[in-house]
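For reference, chains read A, B, C and D in written order, and residue numbers begin at 1 within each chain.
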Amino acid sequence: MVEVTLWGSLAALAGGKSKVEIEAKDIRELFRKLAEQYPGLEPLIEKGIAVAIDGTIYRDTWSKELPQGAEIFLLPRLAGG
Amino acid sequence: MNFDPRYSGRSFTSVGTRPIRPDGVDKVTGRARYGADFNMAGQLVGRVLRSPHAHAKIRKIDTSKAEKLAGVKAVITAADLPDLTDGDAAMYDILDNCMAREKAFYDGHAVAAVAAVDARTARQALKLIEVDYEVLPHVVDVDEAMKHTAPLLNDAIFTEGLDEKPVKPSNVTKRTQFGHGDIQEGFGQADFVVERSFKTEQTHQGYIEPHACVANVSSDGTADLWVCTQGHFVYRQHCAQLLGMEASKLRVTSSEIGGGFGGKTHVWAEPVALALSRKAGRPVKLVMTRDEVFRASGPTSATSIDVRIGARKDGTITAAEATLRYSCGPYAGMWAEIGAMTAFACYKLDNVKTVGYEVLVNRPKTAAYRAPSAPMAAFAVESAVDELAKEIGMDPVDFRIRNAAQEGTRSSYGPVYGPIGIGPTLEAAKNHPHMKAPLGKNQGRGMACGFWFNFGGQTCTDLNIGMDGSVSLAVGTVDVGGSRASLSLVAAEELGIDYGQVKAVVADTSSLGYNDMTDGSRGTFSSSMATISAARNAIKVLRERAAQTWDIPVDDVIWEKGHAIAKGEKYGNLAALSLKEIAAASGKTGGPIAGHSELVADGAGVSFATHICDIEVDPETGSTRVLRYTVVQDAGKAVHPTYVEGQYQGGAAQGIGWALNEEYIYGKDGRLQNPGFLDYRIPVCSDLPMIDTQILEIPNPNHPYGVRGVGETSIVPPLAAIANAVSNAVGVRMTHIPMSPPRILAAIEAEREG
Amino acid sequence: MRYIRPLSIEDAAGLLAGSTGTAAILAGGSDLLVRMKGGFIEPDLIVDIKAIEGLNEIRETSEGFGIGAAVPCAVLGESKALKKAWPGVVEAANLIGSKQVQGRCTIVGNLCNASPAADSVPALVAAGAKAVVVGPGGRRTIAVEAVPTGPGKTSLAKGEIIEAILLDRRPPRAGDAYLRFIPRTEMDIAVVSAGVNLTLDEQGRVKSARLALGAVAATVILVEEAAEVLVGSKLDEATLERLAKVCSGACRPIDDKRGTIEFRRKVAGVLAKRAAIAAYKRAGGK
Amino acid sequence: MAGVAVSTTINGDDVEYLCQPDETLLDVLRDRLGLTGAKEGCGTGDCGACSIILDDRLVCSCLVLGAEAEGRRVETIEGMAHGDSLHPLQQKFLEHAALQCGICTPGFLIAAKDLLAKNPDPTEEEIRFGLAGNLCRCTGYDKIVRAVQDAASVMKGA
């Protein structure tokens, strides 16, 4: 079980919750279960969401494991120059 | 793949030196080929017809007269492109921007295009295309566009992210929010509160090379595209998707690129060129004019920002809040969102809240511009921070040091920071001789901090060792400012050979796996990671070949300083084999030697900078002069320090132009008044002093060498640093960027008259 | 479209007079080619006047200077005699565009382009310069301020060409100066500009004065009231304040992408003062 | 529209071409003669990327008609190095990393060459004003100015 923090706008789509508990071992499972439990999040997950694990941001790495007790933070995927 | 990207703290031989770049000689002799320097036999000239209206319904387009003109080989409108109406909304928007389908949304929006035998015929053909417009009311100002009474750009858009689903359509596409803590409580603890509103005008990346491409579509469905781009793989995907082609049948070659700064991360005319070529059955060259670049590529947002910050008497910030409204052009974007994330990223805050609004206006589609959205937010926040320091009576540097984020701080956008450089850049600025230099009459000093995330992303690199022992490195991230030199250094470092033995090239989309764009300061960070990985894979092969030559187990072979060495006393009489020797025998030991790498470069370390500047203001005219400028920034590890300095200086110069003179000026008719370098005033050589740099190296723990991206952060602090300097020089807080002479003079006069 | 390079001014005038479509004179081309590039003009005939004898010369005579219509502004800056006599005119001409543009642009072109913001024109008007006009009706000499009649419009008739600009010989104790305001340090069009030409008496009082302002009305304006303020003074503080007021008052500017009405009014006064001081010093005033 | 026949000298070579009366020298160089070292950044004389030297005068080739080159001497970036030996300015631009994207570089080199020909020992301010007609968006000009200063000192010593 990991605790996932959602940024402001995501929280609105997850029924106003800014923190959710998910049973997931890696990023792929996290996305799948988030989409199941909070269908409002699905389109955003499809478009791409970044996951910060203990402060390090991962963009495309489904296989990245979510260590127990790690701080998991969901962020929008950004554009850069 | 068992590649370990963690920082190892090693010492370096090649990395950190300053050799001449591999593409240098071609660039100083005029031989380097940019977007417009490529031609094909039988090529046609493509040109685009653009809307003169800021907002108009396209009732009908009659191209028949143009088609009949001798020498015209193809004319296209949106009707010739796939109808993505019910498909992916983002792709629909990209294509609609390339060629307007139902409405022209801004002055310069493409409505038709021709391919003809020469430029003169193409120009004439454009004049023969008849477009029946129904001109609609328009809005270009971000605050005006948010009003309920504003003309609507798109009546299918309802603001996302509101607590209650809106019942009426709006120009605001989305509301986003970031932060933590309780700001009401935080402001309750404050002894001082500063609240201010700011505006910034729209600016353009101002790359000197206009967009240019040559498209060649064959009747068998294969195609080639030569183009100046920051990301040829992304261009391939987009063009293929927009035109219904197979990606692998479209080969995109990235030319040398004459500047991008984010502006060449989006497709503009490339799908049009491909469509023209497909219709004409001949190659088509399409080069934008400077006027078209300003009117119809992707400038940055115009913004309107409110900031409120509270602090205790001891200088501790107790609460910070910002509302940010960013223009997106006619299509949904995430520009205010990025502004909202970056606004307070430099500070350690218990209570912080930022809200962003994405606003549609009748201006060209907003594109990324170097640390997109961050400079405007930093301008507002860092101006307010200066004001607050003044109210408390603290030195602005000390005030920032007291509140600076550090390792373990929860960032204002969410995650907790690892090792970061904001504190060290501030300490370095505090101790810099610039801070102590005397100032004269009408002169002011300002400083400010800036933050950018930095990206990683998908990266693929090939390293091939020739039989003569020379190494060719094929990378897929476009070189915008010297990365071929940096990546050659990395390959040389890893292999233990001379820099001169390595030749780096940017490979086309058919020669290498997918790469994300060179954006988000990721080029050197990501491709160096992939290069290290590829080199390590090559070393594994080199060791195997040496083991085979010696007929000993590969585990007994180590790689050191460019040589395979048999480890252990029992091999005492075996002379080390050089890379060159192993390469020479490769044909007999198993064939070519290469190392490949495909990875997602995660863990880009965030970047911070602190800038200091001195400005003199002529109080009678509002004219400004930049007297001195200093950049302090964390690079993690500077691979090629000269090019790192170049990034610092270039970003600062762009920021100076933005702060003082650059802006999109629209007339009442919604037309852009200054689509040229004459009146869109980027800094010229005589406008600037030398720009001093100080590189700090706080290693990124997620890169083997500690590298962080360095390209973008340098444009974040200048708006604020200069605004603080001008405000200090004239004694009036400047709240509107650019601080052009008329604005400064008006502010001085208003203050004088009370 | 035709491109013709006549060898005499009469031939050039004849070609222009006889043209049926749009005809354009090409000297430096720094305005013409920009307008062609932007599609604002598509000439049927381009008459390149650079091969015409004498048009590439600066002539110094007992009466003063004659600057040929094809002399690039860079050459003005290289003429020591002209620079000594009319430093304000030369500095104005040398402010047009970049070094690259300097190698091509001409003061006659600058005058005939008829922009109210033309850099060399206020200095020429202040200098009392004259234009030699050649046309089907022969040769006539007119004051430079009579040439532009509005933005992009001149008083020249079809077939008329300006052959040269004439500047008087300088009396003792004379000086001129030109200043413009631009947002950057180079490469901009003047937002406001001022040219001042003064002669002093033996006591250092202003004996005669001409002051012209640019970019503050439809054409460059000669501010006659400014001359009245200056004459008889030694440019004391009160005179300069009056001068600034008079000049600000003489402006009839517009708001545009380069500046506001208020800004132009205010800065016109500031530049008039500063240019007057510079001209006064050059004339030997203390 | 009748073409104009032009005989001229480019980088010391006699060259003949036919061009349209409204065609710029820049277009002739790039599209007819394959000399793509001069770049079009604006086409209006504001950026200097198309700088060439025409009879010892620095000009923007976008503001010159191809027809005007008749009987004149044109120098472009392609003629700046002698064989494989670079001009000191080219060498110093490389050493100082005075280019990032490099699109403005040919124009800067030509303008700097003209500047040093007229003023072999320029001050920093003279360099900055002398090169104000050339826009660079990457470097902030710092390393360009230093490269020109360094080249000037090398060329004086030579």
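We adopt the following convention: contacts are C-beta pairs under 8 Å (C-beta built on N, C-alpha and C of every residue); 3 or more make two chains touch, one makes a residue touch a chain.
Only a predicted model underlies this, so the values are computations on that prediction, with no experimental measurement involved.
Ranking B-D and B-C by contacting C-beta pairs places B-D first. Look at where the CA atoms of chain A average out and do the same for chain D: the two points lie 54 Å apart.
Centre to centre, using the average C-alpha position, chain B and chain D are separated by 29 Å.
Distance from the chain B centre to the chain C centre is 44 Å, each centre being the mean of its Cα atoms. Chain centres here are Cα means. That of chain A falls 25 Å from that of chain B. Shared contact sites, meaning residues of chain C that touch two or more other chains, fall at 37-38, 185-187.
In chain A, no residue reaches two or more other chains under the touch definition. In chain D, the positions touching at least two other chains are 1, 20, 22, 43-44, 46, 129, 131-134. Across the whole structure, chains are in contact as follows: A-B, B-C, B-D, C-D. Chain D makes touch with chain B in their complex at residues 1, 20, 22, 30-31, 35-44, 46-47, 49, 76-78, 80-81, 86, 90, 93-97, 99-106, 109, 124-125, 127-129, 131-146. The part of chain C that touches chain B in the complex is made up of residues 37-39, 181, 183-189, 191, 256-260, 262-263, 266-267, 270. Against chain D, the residues of chain C that register as touching in their complex are 1-3, 5, 26, 28-30, 33-34, 36-38, 42-43, 46, 48, 50, 72, 74, 97-101, 103-104, 185-187.
Note for the complex: chain B touches chain D at residues 18, 20-21, 23-25, 27-34, 36-37, 39, 120, 205-210, 256-261, 287, 289-290, 480-482, 642-643, 645-646, 649-650, 652-654, 676-678, 682-686, 688, 690-691. If you check the complex, the residues on chain B that touch chain A are 90, 160-163, 174-179, 205, 260-262, 265, 334, 337-338, 341, 368-372, 413-418, 453, 455-458, 519-522, 600, 602-604, 702, 711-712.
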